[in-house]
Amino acid sequence: MKKIVTFGEMMMRLNPTNMKRVLQADQFDVNYGGSEANVAVSLSLFGDNAAYVTKLPKNILGQAAANKLREFGVDTSLIQYGGPRLGMYVFEKGHSIRSTNVTYDRAGSSFAISTAAEYDWAKLLAGADYFYFSGVTPALSAELRQAVLSACEYCQENDIKVVCDLNFRGKLWTPAEAQEFMKKAMPYVTICLANDEDFEQSLGIHAFDGDMTHGIEQKAMFEKGMQEITKQYPNVKVVASVLRNIQSVDKSTWMGLVFKDGKFTESPAYDVDVLEGVAGGDAFGGGLMHGILNDFDDQELIDYAIAASVLKLTVLGDLNITTEADVRSVMEGGAGVRVSR
Amino acid sequence: MKKIVTFGEMMMRLNPTNMKRVLQADQFDVNYGGSEANVAVSLSLFGDNAAYVTKLPKNILGQAAANKLREFGVDTSLIQYGGPRLGMYVFEKGHSIRSTNVTYDRAGSSFAISTAAEYDWAKLLAGADYFYFSGVTPALSAELRQAVLSACEYCQENDIKVVCDLNFRGKLWTPAEAQEFMKKAMPYVTICLANDEDFEQSLGIHAFDGDMTHGIEQKAMFEKGMQEITKQYPNVKVVASVLRNIQSVDKSTWMGLVFKDGKFTESPAYDVDVLEGVAGGDAFGGGLMHGILNDFDDQELIDYAIAASVLKLTVLGDLNITTEADVRSVMEGGAGVRVSR
Amino acid sequence: MKKIVTFGEMMMRLNPTNMKRVLQADQFDVNYGGSEANVAVSLSLFGDNAAYVTKLPKNILGQAAANKLREFGVDTSLIQYGGPRLGMYVFEKGHSIRSTNVTYDRAGSSFAISTAAEYDWAKLLAGADYFYFSGVTPALSAELRQAVLSACEYCQENDIKVVCDLNFRGKLWTPAEAQEFMKKAMPYVTICLANDEDFEQSLGIHAFDGDMTHGIEQKAMFEKGMQEITKQYPNVKVVASVLRNIQSVDKSTWMGLVFKDGKFTESPAYDVDVLEGVAGGDAFGGGLMHGILNDFDDQELIDYAIAASVLKLTVLGDLNITTEADVRSVMEGGAGVRVSR
Amino acid sequence: MKKIVTFGEMMMRLNPTNMKRVLQADQFDVNYGGSEANVAVSLSLFGDNAAYVTKLPKNILGQAAANKLREFGVDTSLIQYGGPRLGMYVFEKGHSIRSTNVTYDRAGSSFAISTAAEYDWAKLLAGADYFYFSGVTPALSAELRQAVLSACEYCQENDIKVVCDLNFRGKLWTPAEAQEFMKKAMPYVTICLANDEDFEQSLGIHAFDGDMTHGIEQKAMFEKGMQEITKQYPNVKVVASVLRNIQSVDKSTWMGLVFKDGKFTESPAYDVDVLEGVAGGDAFGGGLMHGILNDFDDQELIDYAIAASVLKLTVLGDLNITTEADVRSVMEGGAGVRVSR
Amino acid sequence: MKKIVTFGEMMMRLNPTNMKRVLQADQFDVNYGGSEANVAVSLSLFGDNAAYVTKLPKNILGQAAANKLREFGVDTSLIQYGGPRLGMYVFEKGHSIRSTNVTYDRAGSSFAISTAAEYDWAKLLAGADYFYFSGVTPALSAELRQAVLSACEYCQENDIKVVCDLNFRGKLWTPAEAQEFMKKAMPYVTICLANDEDFEQSLGIHAFDGDMTHGIEQKAMFEKGMQEITKQYPNVKVVASVLRNIQSVDKSTWMGLVFKDGKFTESPAYDVDVLEGVAGGDAFGGGLMHGILNDFDDQELIDYAIAASVLKLTVLGDLNITTEADVRSVMEGGAGVRVSR
Amino acid sequence: MKKIVTFGEMMMRLNPTNMKRVLQADQFDVNYGGSEANVAVSLSLFGDNAAYVTKLPKNILGQAAANKLREFGVDTSLIQYGGPRLGMYVFEKGHSIRSTNVTYDRAGSSFAISTAAEYDWAKLLAGADYFYFSGVTPALSAELRQAVLSACEYCQENDIKVVCDLNFRGKLWTPAEAQEFMKKAMPYVTICLANDEDFEQSLGIHAFDGDMTHGIEQKAMFEKGMQEITKQYPNVKVVASVLRNIQSVDKSTWMGLVFKDGKFTESPAYDVDVLEGVAGGDAFGGGLMHGILNDFDDQELIDYAIAASVLKLTVLGDLNITTEADVRSVMEGGAGVRVSR
C-alpha cells in the first residue's frame, strides 16, 4: 500500500452550539483540524496509509488534537511535541444571507514558530510515496517555507511525489510573498490543486474573475489557467480544481475539473444544501489523492474527488467523516441525490 | 366510538444528537416506535380509540416503549411482556446529498421470536372494529405470519375489518416470501395501503418503475395497480397510496391517491422541507384510518391522510406528534403552507 | 449622540430545544424580549443610545430580563420594579408546512396591570430625542393607553419626536379599539411603521389584501396606504413598511419601502432561509431608527432597515444580535448573499 | 384492585439545566407535577389503580401535563379542561450551603379559579375506595375549600375513605385560615399525613420545635402530636409523619413514624445524599397509600413509605419515578445502601 | 518496550444523560468498553504497548468501538470483523441509596458467537510478552473457553506470560462452570487478579464473607485466599486484590493488596466520592500491569495500581482516561487528595 | 454611593461540559472572568458602583467578555479595545481525589502586552473612592507593574484608597519578582488581602506552613503574619484572609479572619460541598469590599466576606452570581446551612 505524508498545522476550532451567534453562546462545540490533517483523515477513512507531520504543544489540547487524528486511523507517530500553544479559531456559522464569521487566534502557535531544523525529512519521509502540503503551511513563517522546500528537495532526491494545494490565505501572506515562494516550490510539484483565487494570488495566473456566485460558468478560463500551470511548471502532471456557484451560506453548486496528462475531465455538478461550508477543498484534495493512490482512471478520479468534497459540506466539523461507501453512494446518485449535470 | 387494534413490533431508535454522524457521536437521542405503534399513536392523538398489541421484554426498555405509547393515549393494556430483548436500530440522518443510514439490530427480539399461540385473538380483539397490521409483522417470522392469519380469520368471523399496509421490507423477507403470504392474507383485507415498490414486491403487481424521484408522474400506472388489487382481491374496498417525488434527503413532493368504491380521488401535492424522513407512510396510514373511522368523504379522506403524512416529515422521531388541528391547518393552507397543485 | 427611549412589555419566551414540539420537550430554551425592548437592543448594538422603560416584577425572572438588555448595552436604569409576574409565552417553531404555534400566558403581568400614574414622563424622557412605542403597548390596557398618550403629550411639549410601530395584535384588542386609540395617538406621531394588516386594522386604511404569500406584488396598494396616512396625519413625515412574500415557515422574500418627505424609496428584495421568523418587524424598526438617528439618506435608510430586518430572520431569539458591520455586509451582498432585485 | 382518586393542582416546573442559577441560565428543564399528582404517579408505578382530578387549561401545556401523568399510567380521564393558564414555578436548586430558591407564578391558574360546582363528585368518585387531597388544594381558594368539603361529604355517604396530607403552605394561606378549614375537614379524614410544622400550622397542635436540623430527636413530641390528632378527630385511624434531620441542601437523614390503631411503628433512618429535595413528602404519601391499599402490616407499611420517600430524594423532577422493586431494594439494604438505625 | 495483548468483548454502553432514570430519558450518552479493552486503554495511556483482540460487527457501531480504542492509542490491527451485532447494555447510574441498574443485551454478539478457530494465536500473539484475559471472556461460550485455553497453551510454548483477572459474573456462568474452567486455565497463569467474590466463585477458595461494606476489615482472610491460590497453582507469582468498604453508590474506601514472591504489600486506603462506579477493577488491572511491565518495586506497584483504580471512580465512562501524571499526583497526595491510611 | 475601580485581565475559560475530562470532551462551557473582573461583578450584584479597567481585543471574544460584565451591571465604559487576543484557559474540574487541571494560554494577550502609557489614570479613576488590583496584574509584565504603580501614585495624590489582593501566582512570576514589586506598591495600600502562601511569596512574611489541608489550625501563625504586614506597611489599615482546610476537590472548610485597626475578628467556619473551587478568593475580596464600602462593623464585615466566599464555591463559573440576600441567608444559617463553628 502506498504511503502519503502530509505536513501542516492543526488548530482547535470552537463554534457556538445549536446555531447561536458567539455573543449568545455559553457553549462551544470543539473540533480539531487543519488543511493537511483533514486530508490525512480523509485518506485514512478511505483505507489509505496516511501519516501526518506537525508540531503540537505538549499539553492536553495538543494531545486531544493528536488523539482525534488517531481515532480515524492517521499515523500520528511522526508528530513533534513542544512549544507554547495550539492555535485556535472561533467559527460562527452563518445562515442564509448571514455570513459565516471566523475569528483567528493562531499566531505564536507551536507549529507557527517551529523551525525548519526541527523537521528531519529523512526520518519523516521514510517509506513515503507522496508528500502533501497546502499553501497554508509556507504562509505561516519563513522557517516553514524553508521546511517545505527542504522536504521538496528530499522528495526529489528520493523519488517521492510532491502534492501542493495552493490554498491561498490572504490573512497569512500577500500574493507577492506567496508567488515568490511558489516560484521556488512549484518546480518540485507533480500534482497541484488550485481553486478560485489560488491561480491568481499564488501563481499570478488569471483563471477566475472573483465572482464566487458564478465559478462554474468560468470553466474555460479555469482550463486556460490549468494549462498555463503545466506550461510554466512542466513537472506538474495533474492540476485539479473545484468550480463553484455559491448561492448563499446554505446553498452551492460544485463541480470538479482535472487536467491530467494534457486532457481535461470534468465531474457532474452537485447542488448541495450546505450543513457546514468548511474544509470542502481539503476533502476534494483527500478524494483526489485517494484516486491517485489507487490508480483511478481520469473520470473516476474527478468524480470521486468531487463527491468526497460535496459530502464534506454535509458533515459537521473540519474532518470529512466519510467512507468510500459514502462517496460511491453519491457517485451512483442514490435516492437522496439530485445531480444537476 | 369505533375501536382499532394494531399489531406489530416496537423498537428503540438511537440517533446521534445534533446532526452528527454515528462516528462522531457521543450522545444519542432515544425514540421508540414501529410501524403499527406509530399508527396507533396517530389515531390516539386524533381522538380515536386505538389499542396496540405486541410483545415487549419485561425490562426497563420494554417499559419505556410502552410508556411512550401510553403518554400519547394508546391503550397498552393488551401488550404481552417477556422474552429477551427490545429490537433496536441506529438512525443516522442524512443531509442533502448524504443519504440517511440505518443500522438494524432487531433479530431475536421478544416480538420477533414470539409464537402465534401467544396471541389470543378472541381476547385481544374483543370490542374491536378494525384490525391493522403492516407487512413488517409477517415478515419477521413464520410464527408471526401464522399469528396474522389467525387474527384475520378471527376478524372475518367476528365482523372486524382488516387493514393491511403492505409495507415491503427487503431486509426482512424476499418478494417471493411476501407474495406467498399476501396471497393468503389479502382475501381477508378490506383496506389496503400500498406505496412505491409494495405493489410489485408484495403482490407481484406492477405499478411503479422504481424511480423515487418521479413517483407522481406515474400516477396512471399506480391507478392501474390499485384497480388490479381490487380485481384480484374483491374484498378490498379501499386502496390508498402516497405518490412521491424525492429530490433529496431534505426535499420531497408528496401527494395521496385513494381508490374507493371504484372511484379515484387524489389530494393536492405538497412540497416539503423534510426534517426527518421516516414514518411518513405510517402517518399516512394513521390519517387514512382516522378518516375511515370518522366517515370522511373521499376527498376529505385523502386530503386528511396526505396532510397528516407530510406533517410527519416535519416532526422528529417515529411518532407523528400532530393533532387534528395541525392537520386541518395544513389542509386549509395557512400562512406557512405552500401547496403546489 | 441622540437618545431614544422605548416603552413596552418584555416577556419570557420558552421554546423546546432542538426543533422538538412542545409535547415532546423536556427542555426549553429561555429568551427574553418584547417588541420595544428588541428595538432598544438593536439600536444599542448599532452604537446608539437607547433606554427602555417598562415594569418588571421584582423577582429573579424580572432581573434576568433586565440583565439581558443590559448585556447588550441598553440603558435599563429607567425600568420600574414591582407587581406580580413576568408575562411569558411558549414558542413552538414550525418547519416547512408545519406552522409555528405560540401559546401566550401574559395576562396579569406586572406591566400589563401597571397604571399610567406610575410613569413619570418628565423623568423618564429627560434628555430623549425620540420616544418609540408599538401598538402592543396600548393594546394591553386602558391605563397603558393613557400612559402612551401622556408620553406623547410630554413629547409634543418638549420637542421629542414620537415613533409608532402600529404592530396590530388581534389577540389583544379589536380593530375598533385600536383605531379609536390610534386616532388619538397618531397626531403626535412623526415616524410610523406599518406592515401588512396594520394599515387596515389599526388605522382603517386599506393597503393589503391579506395574502401573506404575495405582499410584494401589492406594492402599489401599500404606497397608496402610506400616502393616505400622511394625508390623514400630516405630522407624520416618515412611513415605512416591510413587504413580504412568505412561501413557507422557512422561506420568505422581504423588501422595504419608505415614504419620506413625499418620496417613495424601496430596498432590494431578499430571499431568506428563515431560521426563526419572529421579531423581524422589530428589527426593521431598529434598523430604520438607526438610520434616522444617524441621518442616513433615503436609500441608505431603507436598505439598512431591510438588511437589519432580514438578518434577524437568521438569528435565534427575539433580540437581533447583529452589528452594523453585519448589516453592511448584507447590504454589500457578500459571498453569502443572494440578492434578487 | 382498590381505586384511589387524588385531587389537586399541577404546575409546570422550570429549572435551569446543569446546576446553573437562573441568572446564568439559557435553558430550563421542564417538569410537570403537583402534590396529589405526584401521589397518583407513585401509586400507578407501584401497580395501583390511581386516578387524578384537576382542571387544566385547554392548551399545549395543559395537554403536556396530562400526558406526563398518562405516561406513568395514571387515569387522566377525569381531568377537566378549560380556564386561562397552567400555574408554573421556577426552581433553582441549591447546593451545599446555598439554598434552593423557588419563584412561584401560580395565581390565576385554571385550577385555582375553578369553582366547587365544576366538580361532580358522584361522577368523579364513582368506584373509588379512597379520596386523597393535600392541604395545598383548599389553600388555593374558598371555592376549592368547598370542593374538598363536598368531596368529603360524598365520601362519607358512600363509604370512601378520605386521606389528607396536611401539607401546610404559608405562602398560600395563614395558619388561622388553615385551621378553620381543617376543623371542618378533619372529621371526615381516616388517614392523616402530618410533617414538621403541619401539626402546629394546620391543626394548632404542637409537635415540632421548628428546627429542621433536628427533627428526629423530637420523636417523642411528634408522637404526642399524633396521639392528639386521634384524640381530637377520632375518625382518624392512621397518622404518619416523616422525621428529618436536614444537614444541608444535599444531605439529610429521614425516618418514618406511623401511629395506627393506637400503636407507634417507626422505620429505620436513612442518610441520603439528596439529588433534588422536592416532593419527598408526596413520595411518602404515595408509599404509605400503597401499603394501605395492599394491606401491609405496620412495620412493612412505614418501612415501605420511608424507603419510597428517600428514593424520591435521588430522582430528578417532581414525580417519584420508582418501582416497587426499587423500594424493596432500599428496604433490603443492598450494596448501595447505608442504613443508620 | 514490552507488549501486552488483551482479549475480550467490547460493548456499547448507553446511559441517560444528566442523572435521569431510563424511564425519564430521551438522550443517552454513548460509551464503548469492556473489561480487557479497558485494560488496554489504561496501558496505552500510561505509555505502554497494548494491543486488543476481539471480534466486532462490520458495521458502524463496530467501527465506532474500534475507533474509540484507537483514539487512545491501542493497537487495533488485530481485531476481527464480522458477525451480527455489538453487544450493548443500558447503564442507569444510581445515587446515594438508589442502586445502579444495568440492563444487558449482549447475547448473540459477534464476539459471543465467535469460534475458537477464528483466533490464530500464532499471529495474534506474535511479539507479545503478556497475554491478558478476564473471566468474562470464557464465561461467554464454550468456544471462547477453548479460545482462551488455546491462547494459554500458545503462551506457555512461547514464553508469554498469562494474566488472568478472575472477574466472576454470575449472570454469565455458574460458579461450577467457572471453577471447572479455571482449573484448566490457572496452571498457565502467572499473574492473577482476584476481587471480592472471585476467590470463592471462580476458584472455590474462601476469602471474603460477601459483605461489600466491610471488605477492608477482612484483609486477613483475603491474605489467606491469596496464599491458597499460589499453593494450588504454583505457577502464579503475583496475586493482587482490591479491598473495598462500600458505603453507598457515591462513597467508597478502596485499598490494594498484592502477594508477590511470597510477600504481601498493601497500599494506602483512599476514601473516594464516586462519580461512576464501573470498571474500577479493570483500572486496577491496568495499573498493576503498568507496574509489572515497567518493573516497579512491590510498594510502587500496588500504590500505582490502587491510585489508578480510584482515579477511575472519578472518570465517566468505562475507559480510565488518566495519565501516569494523574496517577502520580494521587500517589503523592496533592491538595485535592485525602488519604486515610 | 461610593465608587470602586478594579484593574486586571479577563480571560475566556473553557471547561468540558458535564464533568468530562478534556480528552473526552466535544463541548466546552464558555465563561469569561478574571480576578479583578470577578470582584467588580460581585460588587455590582451587591448593589455597589463598580467599574472595571482592562484592555480587550476588538473582536467578538473581547466583546463577549465585556458584555458578560455589563450583564451583571459593571461599568464597562472604561475598557480599552485593541491588541491581538483574549487570553484563555482550559479548566478541567477534578472530582474527589482527582485534581482540577488548568491549561493556560494567556501569553501575548491584549492586556498582557498593553503598556503603562495606555492607562490614563486621571481619566480612569475620576470619581473613584477605591482602586482595587490583585497580584496577578503586576505579575503579567514590567509595563503593567508600572501601570499599577502609576495608579497607586495617582490614588495617593487624590485621596483614593488602594486595595491589593496579593494573589500570588507562581506560574507568572517568582517570589523574588513579586516581593520586589510589592515593596514598592504596599506603601500605597490601605486594604490588603492575603491568603495561604501569599504572605510568604509576595511579601516574604511567614504565616502558613503550606499544608492546605490544615490552614484553619494555623490561625495563630496567620495572625502574626497579618500583624507583621501592618508593622512593615503602616498605611495598611485592614488585612483580611481566608483560612482553609481542604479535604478534597469537593470538600472544604473555610473561615475568614480580618485584622482591622489593630483588632482581630473571625467568622464562623463553613463546611462546604464544593461545586467549583475557583474564584473563592475573589468572592471574598468582593464581599469584603462590599462591607467596607457600606461601613459594616468588623463582625458583619468578615461574616459577610466569608459567606460571599463560600457561596461562590457553590456557583458555576468565575463570577460569583449571588445577591446580598443570598449572602444574608447563609449568614443567618437557614435550613440549608450547616455552620460548624
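Note that the chains are named A, B, C, D, E and F in the order they appear, and that numbering of residues resets to 1 at the start of each chain.
Heads up, the rule we're going with is that a contact is a pair of C-beta atoms (placed from the backbone, for glycine too) under 8 Å apart; a residue touches a chain by one contact, two chains touch by 3 or more.
None of these values were measured; they are calculated from a predicted model.
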Of all other chains, the one whose Cα centre sits farthest from chain E: C
Degree value of the rotation bringing chain B onto chain E, based on Cα positions, nearest 5: 180
Distance-maximising chain from chain F - centres being C-alpha averages: B
Chain A and chain D, separation of their C-alpha mean positions in angstrom: 63
Distance between chain centroids, defined by C-alpha means - chain A, chain F (Å): 46
Residue list for chain B, restricted to those that touch at least two other chains: 17-18, 23-24, 26, 67, 72
Chain D contact footprint on chain B (complex, rising order): 67-68, 70-73
Chain B residues within the chain A interface of the complex: 18-21, 23-24, 94-100, 212-213, 246-250
Interface residues, chain A side, partner chain F - complex: 14, 17, 22-23, 25-31, 59-61, 63-64, 67, 84-86, 88, 90, 92, 101, 103, 105, 107-108
Residue numbers on chain B that touch chain C, as the complex places them: 17-18, 72, 270, 272-275, 310-311, 313-317, 321-322, 326, 329-330, 334-338
